[in-house]
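The following pair of complexes shares a single chain, chain A, combined with chain B in the former and chain C in the latter.
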Partner chain A sequence: MKFYTGILIFFLSSLVICQPSVNSSATIKVKLIKSLKIEKVKGNLNFGEVILNGAGQNLLKNPADGIEFLILGHPEKEAVVSYQPALLYPDNQNTANTLLFLPAVFETGNNINFTTPQNVKNGTAVHLENDDGTGVTFIWVGGKINVKANQPEGDYKGIFTISVAY
Partner chain B sequence: MRKITSLLVFICILWFAPENVFSQSVYAFSLNNLNFGDVFIGYPAEIKHKDNNAAKFVFLHTQWFRKKDFLVTLTLPQYLSRGNDKIPIKFRKRHAAWSFQDRPYGRKRFNPHAPLYIKNVGFFRPVYIWLGGKIKTTAGNIPGIHNGTITLTVEIL
Partner chain C sequence: MKKFSFVILVLYLIIPLRIFSQVTSTSARGIANLIVPLSIKPVSGDLDFGEIILTGTPATESILPKDGKLFEITGHPNRFVTITFDKVKLDNSQWVAVYGGNTGTLIFYPDIETDNGTKIHSGDSKRLISYGLLGKLNLWVGGSINIAANQPQGDYRGLFVISVSY
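== the complex of A and B ==
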């Protein structure tokens, strides 16, 4: 009798744990990030007129007096800054008489003024500080040009490229 | 003799009891979430079913020595949300697949918006489901994490 009672209990318990269907859930997730942008705020890398005096000269451009860039992107993310020295060519495009521009790059975080600048070496990351939902960092570019003693006169121009990437 | 008879009766009940009365244990688990990762605002993103970031489910039944038929349905969101901000999400046939084996080849694709019938599944035989999707963000979307939920429902027929 006990045995049949056991079977009955087992049978009824099956009714309780009857499980004809089941659910399972998975989450879908995406993190939207703002794309990077770098734009010029002000300034230039014009070294002006230089008097050739027959001796070598180092022309310096303080970053505060150079070009100020603004990097815009996702707040609190890092952006890698890349740049290379630039060659300046004379008007006649004579490649034997080029000048080399050696950039000096600094960042001031979200400060639009050149205060407490931090050096930014090529290939290093800067932090995009949160400014009302947008990541910002100001970049300042100056540098130097070495003029040789026998440098021909003329106008020298070149292109300096700076790029940013996440 | 009486005990042997009782045991035989018990086995008969186990074997022949109606399936909708006897315990029909089916188990389903989520093994992976559908993760689009970092996406630039204004750009689309797509995850196919073979992508490691596709959602992955597994289910099985534990009815000894039985082969069962299953009806699988997916409840899919139309949008991923972050507050009031929404990103449309689409699920196509190329995004959904199932297989008895957990491997990238030999999967059968299916329409994730339609019920999927899988027949003759042996006990404790796992059935895997993969699901990707496609989103298209717009310039008006706000940055941050947007979420949605996929619900898998498995019924024994």
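== the complex of A and C ==
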């Protein structure tokens, strides 16, 4: 009887040794974010010809008539929009006689038309709405220029820069 | 019927005792062969690569083992265990189903170390360090992924599985 019990114990201990492998797991996560891009859709910031009349005047450009940009990025993410006023210099580059362009920036979400625009202040975030796996928001830029009473005539030009970042 | 039940009950009580007593009588051999069951469990950390902004150029992202997920193997002291694991395919199919866009895959290449920095390769055999009646071995799991230049955006998921056996 002891012999059989010994066989049984040997068999059982073999079973313990042959314990099946045990395992554990972990979920691997990666969020690949589409890089940001901003591109011009249409329009310009050309204020045209202005006749000096000896009095100060404000030149206005409605954002709907200005430049339309399209921000492309990751769907449902926020993108921070940054911009600053731009100095316009006369042809002769006389830095004493500049004009200041004060931008007015609006966004219309994924609407390509200037419908229910929302003001976008410098440094604030816009939401990129999903369009088949790409986040989009349309940005509209207009603004104003104050022309002094004694502003010298000439062609004034400047660069307006708008930036987006996650 | 009551008598029969009583006999059954007596047999039920006696037979195991007899077997147990027999086992006890040969315990010098049997107990020596019994080993602590093997287990592996997650202790801390994760395998989350977070947000990675796609740049349009190939890139490799890594999680160092010490910054990844810690697994603890417990079993019989000083006993060798075999550790097996495989690379993992991640995909963004769930994300694409929600947001649209293109599906893509990534391969996660595990990088595993012990507490003292010894690299572990799949199939390696390691001795469990004795802590009293238990043997233990810590495995730190990190790894890397290669991101293609045209890798589709989205949330990628995959399951890393690690197995151990005596």
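One rule holds in what follows: the second predicted complex is superposed on the first by the 144 of 166 C-alpha atoms of A that agree within 3 Å, B and C clash if a C-alpha of one lies under 4 Å from a C-alpha of the other, contacts with A are read in each partner's own complex, and residues count from 1 in each chain.
Here is the rule we use: contacts are C-beta pairs under 8 Å (C-beta built on N, C-alpha and C of every residue); 3 or more make two chains touch, one makes a residue touch a chain.
Keep in mind that what you see is a predicted model, and the values were worked out from it rather than measured.
Engineer: A:N130 contacts which: chain B (first), chain C (second), both, neither?
Structural biologist: It touches chain C, and chain B stays clear.
Engineer: Is A:N150 touching anything from chain B or chain C once the two structures are fitted on A? First, second, both or neither.
Structural biologist: neither
Engineer: Can A:K34 be said to touch chain B (first), chain C (second), both, or neither?
Structural biologist: both
Engineer: Per the contact definition in the header, classify A:P75: touching chain B only (first), chain C only (second), both, or neither.
Structural biologist: Both partners.
Engineer: Residues of chain A touched: more by chain B or chain C?
Structural biologist: Touching more of chain A: C.
Engineer: Just chain B (first), just chain C (second), both, or neither: which does A:T116 touch?
Structural biologist: Touch status of A:T116: no partner.
Engineer: Who does A:S25 touch here: chain B (first), chain C (second), both, or neither?
Structural biologist: In the superposed model, A:S25 contacts both chain B and chain C.
Engineer: In the overlaid three-chain picture, which partner chain does A:N58 touch, first (chain B) or second (chain C), both, or neither?
Structural biologist: Neither partner.
Engineer: For chain A, what residues appear in both contact lists, the one with chain B and the one with chain C?
Structural biologist: Comparing the two interfaces on chain A, one with chain B and one with chain C, the shared residues are 14, 17-35, 74-75, 133.
Engineer: Over in the complex, which chain A residues touch chain B? Could you list them?
Structural biologist: Residues of chain A touching chain B: 3-4, 7, 11, 14-15, 17-35, 74-75, 133.
Engineer: Show which residues of chain A lie in contact with chain C when the two form their complex.
Structural biologist: Interface residues on the chain A side: 1-2, 5-6, 9-10, 12-14, 16-35, 74-76, 130, 132-134, 166.
Engineer: Residue numbers of chain B touching chain A in their complex, please.
Structural biologist: Contact set of chain B toward chain A: 3, 6, 9-10, 13, 17, 20-30, 32-43, 45, 55-57, 59, 77, 80, 82, 87, 89, 131, 133, 135, 137, 141-156.
Engineer: For chain C, which residues are in contact with chain A within the complex?
Structural biologist: Residue positions touching the partner: 19, 22-23, 25-26, 29-30, 33-35, 37-42, 46-56, 61, 69, 71, 82, 84, 88, 90, 92, 96, 99-102, 104, 106, 108, 141, 143, 145, 147, 151-166.
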